Amino acid sequence: MGFDSHRDHTRKVGSAPGTLVDMPVTTPARLWAVHYLGDDMTEYPDIDADAARVIVKKEGVTWIHIQGQPDRQLLDRLGILFDLHPLALEDVQTLVQRPKLDIYQEQLFAILNLPRWNGESVELEQFNLFIGEGYVLSIHAGEEEVVQAVRRRLAKARTRLRTHGTDYLFYALMDLVVDQAFPVLETFGEEVEALEEVLLERPSRDLLSAIYQHKRNLMILRRQLWPTREVVSQLMRGTNDEEYFAPDLQPFLQDLYDHTVHIMDLLETYRDIVASMLDVYLSSVSNRLNDIMRVLTMISTIFIPLTFIVGVYGMNFGNNTKSPWAMPELNWYYGYPLVWGVMLVIAAGMVVFFRRKGWLGGGR
Amino acid sequence: MGFDSHRDHTRKVGSAPGTLVDMPVTTPARLWAVHYLGDDMTEYPDIDADAARVIVKKEGVTWIHIQGQPDRQLLDRLGILFDLHPLALEDVQTLVQRPKLDIYQEQLFAILNLPRWNGESVELEQFNLFIGEGYVLSIHAGEEEVVQAVRRRLAKARTRLRTHGTDYLFYALMDLVVDQAFPVLETFGEEVEALEEVLLERPSRDLLSAIYQHKRNLMILRRQLWPTREVVSQLMRGTNDEEYFAPDLQPFLQDLYDHTVHIMDLLETYRDIVASMLDVYLSSVSNRLNDIMRVLTMISTIFIPLTFIVGVYGMNFGNNTKSPWAMPELNWYYGYPLVWGVMLVIAAGMVVFFRRKGWLGGGR
Amino acid sequence: MGFDSHRDHTRKVGSAPGTLVDMPVTTPARLWAVHYLGDDMTEYPDIDADAARVIVKKEGVTWIHIQGQPDRQLLDRLGILFDLHPLALEDVQTLVQRPKLDIYQEQLFAILNLPRWNGESVELEQFNLFIGEGYVLSIHAGEEEVVQAVRRRLAKARTRLRTHGTDYLFYALMDLVVDQAFPVLETFGEEVEALEEVLLERPSRDLLSAIYQHKRNLMILRRQLWPTREVVSQLMRGTNDEEYFAPDLQPFLQDLYDHTVHIMDLLETYRDIVASMLDVYLSSVSNRLNDIMRVLTMISTIFIPLTFIVGVYGMNFGNNTKSPWAMPELNWYYGYPLVWGVMLVIAAGMVVFFRRKGWLGGGR
Amino acid sequence: MGFDSHRDHTRKVGSAPGTLVDMPVTTPARLWAVHYLGDDMTEYPDIDADAARVIVKKEGVTWIHIQGQPDRQLLDRLGILFDLHPLALEDVQTLVQRPKLDIYQEQLFAILNLPRWNGESVELEQFNLFIGEGYVLSIHAGEEEVVQAVRRRLAKARTRLRTHGTDYLFYALMDLVVDQAFPVLETFGEEVEALEEVLLERPSRDLLSAIYQHKRNLMILRRQLWPTREVVSQLMRGTNDEEYFAPDLQPFLQDLYDHTVHIMDLLETYRDIVASMLDVYLSSVSNRLNDIMRVLTMISTIFIPLTFIVGVYGMNFGNNTKSPWAMPELNWYYGYPLVWGVMLVIAAGMVVFFRRKGWLGGGR
Amino acid sequence: MGFDSHRDHTRKVGSAPGTLVDMPVTTPARLWAVHYLGDDMTEYPDIDADAARVIVKKEGVTWIHIQGQPDRQLLDRLGILFDLHPLALEDVQTLVQRPKLDIYQEQLFAILNLPRWNGESVELEQFNLFIGEGYVLSIHAGEEEVVQAVRRRLAKARTRLRTHGTDYLFYALMDLVVDQAFPVLETFGEEVEALEEVLLERPSRDLLSAIYQHKRNLMILRRQLWPTREVVSQLMRGTNDEEYFAPDLQPFLQDLYDHTVHIMDLLETYRDIVASMLDVYLSSVSNRLNDIMRVLTMISTIFIPLTFIVGVYGMNFGNNTKSPWAMPELNWYYGYPLVWGVMLVIAAGMVVFFRRKGWLGGGR
């Protein structure tokens, strides 16, 4: 996950707002539509924008979906056919990566971020939703067609989806996109739990890197998902005076709102937990240093005095046979064993000292 | 306490909102009811949903309680009999673990978390409460029947519980669930106090682990309990224009609200205290390292120069008898005692130096 | 200061809200009353609740004060005589330790915390205040009769206290309780300043403990005092539409509010300062470790190479007289002084190196 | 800068609010007045309160200024003459050090803090401002007469100050007091920049102390200045319905408000920067420890094995001439140079090892 | 980036608000204007203020732009000709560096900060915008004429810019200034990513300095940009009742607002990331210390006991031929190889110990 969500902006500083440009398209767009009214439902796989416009004019609900990044020509055409605001089209093209809800005269426009786990980290795909009279237009700038789940549910007649209008379809798609965060968060949660196990037992340099990466990714993810909450909340407040949403949708929007709150809650809890892990890591490293130093200190403290003693009897004063003060110990009968005795006593004293300090137990 | 409260969501991403599924039920549900009016009270142990519906139709207050996790069939049946909203039933089944209050046309629906101390950590059991015309329906997805306390109070006639309607019963059950947090918090408080005692005296690796676990659990617990406050607050604001709550219940709801605020206060204070403990732990570990290093440095600094001196007189220059510069000290009459004298002076000097540095006192 | 403010709650989980119980009373209650009207004032030392009720019925202002913890019988009697709400009585008895203002039909009920310095830390005593028609009832669950200050002021006729009604008396008592925090905060401030002096000069283990204790106590104290602000603010907002408070009391309540804000400000500043002290402590301990290590490193670095050199000439190759390569230095005329010269040069070089590193100055 | 702003409160806990007491006055008060109307302006140096009252009664604007701490008699007299509220007088006397705006029936009363740099740290002087009908009364409890700047501006006719009424004078004095913070903040900024330079190059114990002092002083200063913002904001909201402020003063108050916001912004930025410096300091100290330890480790690691080797050949096995296993190396022809060769190889290997570890470069 | 944004204030403490002074001008001002109406557009390069005033009186939209710092004379003249408020002129001159929107009777006045990357850090240039009847006056106190981008767009007829009035021009200039932040943030993002790579692999002292500089600059930049958000938000709320902005500009202002929110989001995310880097840096340095200490401890722990052993056999007890206890080992046939054997066993035991401790792997 990079920081580059603002780079698209960079290219066009100074150009007129609402200008579409020719951009390289990595995933070419494919457009399909579904139309339903009562028990009838027709699918239109792979049609063009003009054909879609014709279908929308019929009574009933039309769902137009574009999978992939639409190029400039398609956006221009959609703008003309459906009277879409130039700023909205610009947002579709530049992949702004910030959820928002714009209320234009002729349509409502929502941008959502669809989080996906790519095996290593989270990627966000922009999901655009327009709702206008008689139609919902969804544009998903990713490869995998996640909206198939809703399309399959549409196939079954007399479900809530089929008996309601465009508003419920709009809601169902938002619900789908928002709920994509749950499996991603589950993966995150598992990774965090895995880190926790390592943290207290074997804090390694890799762990530091992993904790940092998680913290950083959670901060970025949080920034990119939290406006979703505002989008849904705006939608809820708007349902009373807006023409697009029926009052009986309120409980569903409330439910959706609860999901966004739940997601933010989890993200923040994870972030806080990962932040504590950094603190604990530092303490663990210090503990480890203590262990190392304790070993060094014990060995040094026992042997340094002993080495001094043996050094004493390595001195060559004994060669001076004329002085009775010249290391007479060397000539004692039990001199050598006595030195050993003294050294053992010192070593034992040190061990007692360490035991009293509590340095011998492996527990700390 | 794990992070897995969102896993149930995971399974159904893309399915229609409000769908009930067949789930494995660990604690099978048992349904009983109580009906009271004036001085009369009847208990109906172990009946089914349809029988309960008949009782509700009678004048007076009916309390239906389900202990355990209701299976899909029971929920479907309850939904039809009491006209419960599908989203509410879904929440009952999926154990969302986030307190909330939903206002539906035919009933009010509250989810609460009942915290229980399982000996090692806190577990949360979902407690669902419906209030509709003439009845309160409570569903507790746990094993122990904590609602018995309210049932016993109902047995006594002319109490406030018996002379009020469904609203007071609803309140009494919420009060019961919310107050379960107090003994849990008491246990937490005792554990935190126990950690504090250890913290400053014997900071061990286990303590670090314990502090981290507490911090993490408090963060999760806080996330899972704080929406309770919002639920009660919504209830208070709603009593004026809602049909379910009589105005004289306001002081009781205020009291309940004060309890939730008190609980959150305690949780946050504990969390802040545990967070400080982590900082103090790090300082303690550093203090400990200082102690270790002081010992090492004292021993090393005293003996390293002495070892050097004895090394000097271990050199074999003395064998060179032709030069008067070849270690004449070895042949001095008091050479050996003199070396000892010099060494004692150096050692004493070091001890004075350490005393001046304040390294000898055990106080730091 | 302990965490146990919630333990009283613990005992009664599941019992009916508003239930009085028989509790052990540590400081038995004593009731007295004062009645005044115009220039007349009568004191009634040591009367019972029924007598107090009779006095209240007279024209003028009656102040009833209970010093100590009232037992169940007294509370029951007061409840009946003055029509006090059962939840209020329960709060009086259970010592909830959270300031709040409850507005009941027949009276206003405020709980305040009176902080007292017991020589070592802060203790909080619950102070309950009822205001009803013609009377103020204060219950102070402590030993020392702090309200004597107000009683003495009452003795003087034509003061603001005597010429105003129950509202001013109520305010005067709140002002008294709130202002008790100032001497306590002064003591805290002095302790913090004393810690600051020690912090940078002699950071000891005791200091760490003291800092932690202060931080912890400030967190708890802050939690237990900040709702006071809300109580006064509620009182201010309420004076317009409530019957209890005359408009000309507004500046006095504003002044009281400013005091509570000032207290919270001081508490938070202290808390932030103590939190910084923890950071500084850690740095101080590290500085200290640096000092220790610098000494060790200097001694070791100077003597280890020298010890190596003397070790070299302690080798016994010189005994091999057949080889001209066998330590010829031992037989040089100036061999021994030369070795000393080399060693002095090395030692001097090290000292120069340390001076360049800036390790010799005591300044760091 | 001390914590003692609450000590004055301490002395009077329990006394009646609004009571003036006899306090020691360190800077005796001097009163002067200025009266102006159209092109006329008269100065009255060194008059008494009764004379000032007479001037106020004339048509036009009267500015009464008191430099120093007024004693009890003067305050009592002012209270009677200008009908000042007892609580306001008490605030003037007790030096509460918290900016606030009190709206009394007969006058508006503002307390501001005038920050002054005394060469070492910031001192706050209380500046009181009353505005009533036809007069502004300012009381500055400091020595230096900073209001001279406004007095000089008054001398010039037809300026905005002279053509407006009391409201503009009131504003001009507030502007003067608020802007005193800018030179103080400039000094702070320079000190912080000076600390920054030292921080990364030579982190010393003095620096730790300086950082801590700055952090602490900024926290206290922030607490004592931020209510100023609220004072100005209250003034702005009030100008519509108050009688004291003309609508065309609004842009000037807005400008003043922007200054207070700017000051708080700077204070908070400084505080955050100083807080980061503490973190960086800790890292710097650790870096420094690493440097020390690297030197120790390099010296030790090179010489300890060498010292071992020379120790080996200091053993006296060579005296045993009967065994061919008794240190035959001592008798080799090239034994001694060979030992040196081995030692050089080991030392070189260690240097290579350190270079690979990156420990030799001074860069870290 | 320095802290000195408040220094200009410093010079004039005490002078009358709205006073212009003679200041040294580093970039002399150049004034040009553009007038357009329908398909006609005329450019007036390098004219004076009076000429500009004449153009403004014509029907259509006039854009007057001043590049550089206007001197006192020009500002005075502009003030008289366009009736600009003295406080606004003062703000233009003193370079306050805090975005704000002031609503004066005759015009709206906005101050924005235009961030520019000067190769090393961010510089802010003040951009002033006036909108009055029929004209927009922009003053950019920088050298490079960034507004050329808008001027070029104006050249093209029938664009949104040409068909709208002064309000759209005002918006287009704000949009230009706000969007200048994106390339700067991109540069920041790249630098932060570069730091991240270094952080975990080679934490050096330079990195600490770089992290600190970034954190500090982000804090200052955030302070200087965030009020922009408030400016745009005020503009949005104002468009309903203000005469300057047509309702159809609302979506554009909303878009602009989203950009400011996005910029603040990015700044805060960067700040949080850089803050975590500081924590990770500290852990990295500690890890590094662990590495160093592990090497020292391994070498010391292996060789210190061995050096003791060889020291033992360097003792001169063997010379005492009279005692059988005088180091008989020296005379053993296999004495010397035996000592080597013992030493190898000890060394091997130490290596096994280290492997068990996990100290040999380079992984941690």
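All chains are identified by letter, namely A, B, C, D and E, in their written order; residue positions are counted from 1 within each chain.
Everything that follows uses one rule, which is that a contact is a pair of C-beta atoms (placed from the backbone, for glycine too) under 8 Å apart; a residue touches a chain by one contact, two chains touch by 3 or more.
All figures in this text were calculated on a predicted structure; none of them were measured in a lab.
Participant: Once the Cα atoms of subunit A and subunit D are superposed, what angle does the rotation have, between 0 and 180 degrees and to the nearest 5?
Facilitator: Here the rotation carrying subunit A onto subunit D measures out at 145 degrees.
Participant: Based only on mean CA positions, could you tell me how far subunit C sits from subunit E in angstrom?
Facilitator: Measuring from centre to centre gives 40 Å for this pair.
Participant: So what's the Cα centroid distance for subunit B and subunit C, whole Å?
Facilitator: Once rounded, the distance between the two centres reads 25 Å.
Participant: For subunit D, write out the residues touching at least two other chains, lowest number first.
Facilitator: 279, 282, 286, 289, 293, 296, 300, 304, 307, 311, 314-316, 327
Participant: Reading round the ring, first subunit A, next subunit E, what is the order of all the chains?
Facilitator: Sequence of chains in the ring starting at subunit A, next subunit E: A, E, D, C, B.
Participant: Would you mind writing out the residues of subunit B in touch with subunit C in their complex?
Facilitator: Against subunit C, subunit B makes touches at 146, 149-150, 153, 159-161, 172, 175-176, 179-180, 182-183, 185-186, 189, 192-193, 196, 199-200, 251-252, 254-255, 258-259, 261-262, 265-266, 268-270, 272-273, 276-277, 279-280, 282-284, 286-287, 289-290, 293-294, 296-297, 300-301, 304-305, 307-308, 311-312, 314-317, 319-320, 322-323, 325-327, 357-359, 363-364.
Participant: Which residues of subunit C touch subunit B in their complex?
Facilitator: Its residues touching subunit B are 2-7, 9-10, 12-18, 85, 87, 96, 98, 100, 102, 104, 202-206, 208-209, 212, 215-216, 219-220, 223, 275, 278-279, 281-282, 285-286, 288-289, 291-293, 295-296, 299-300, 303-304, 306-307, 310-311, 313-316, 318, 327, 330-337, 339.
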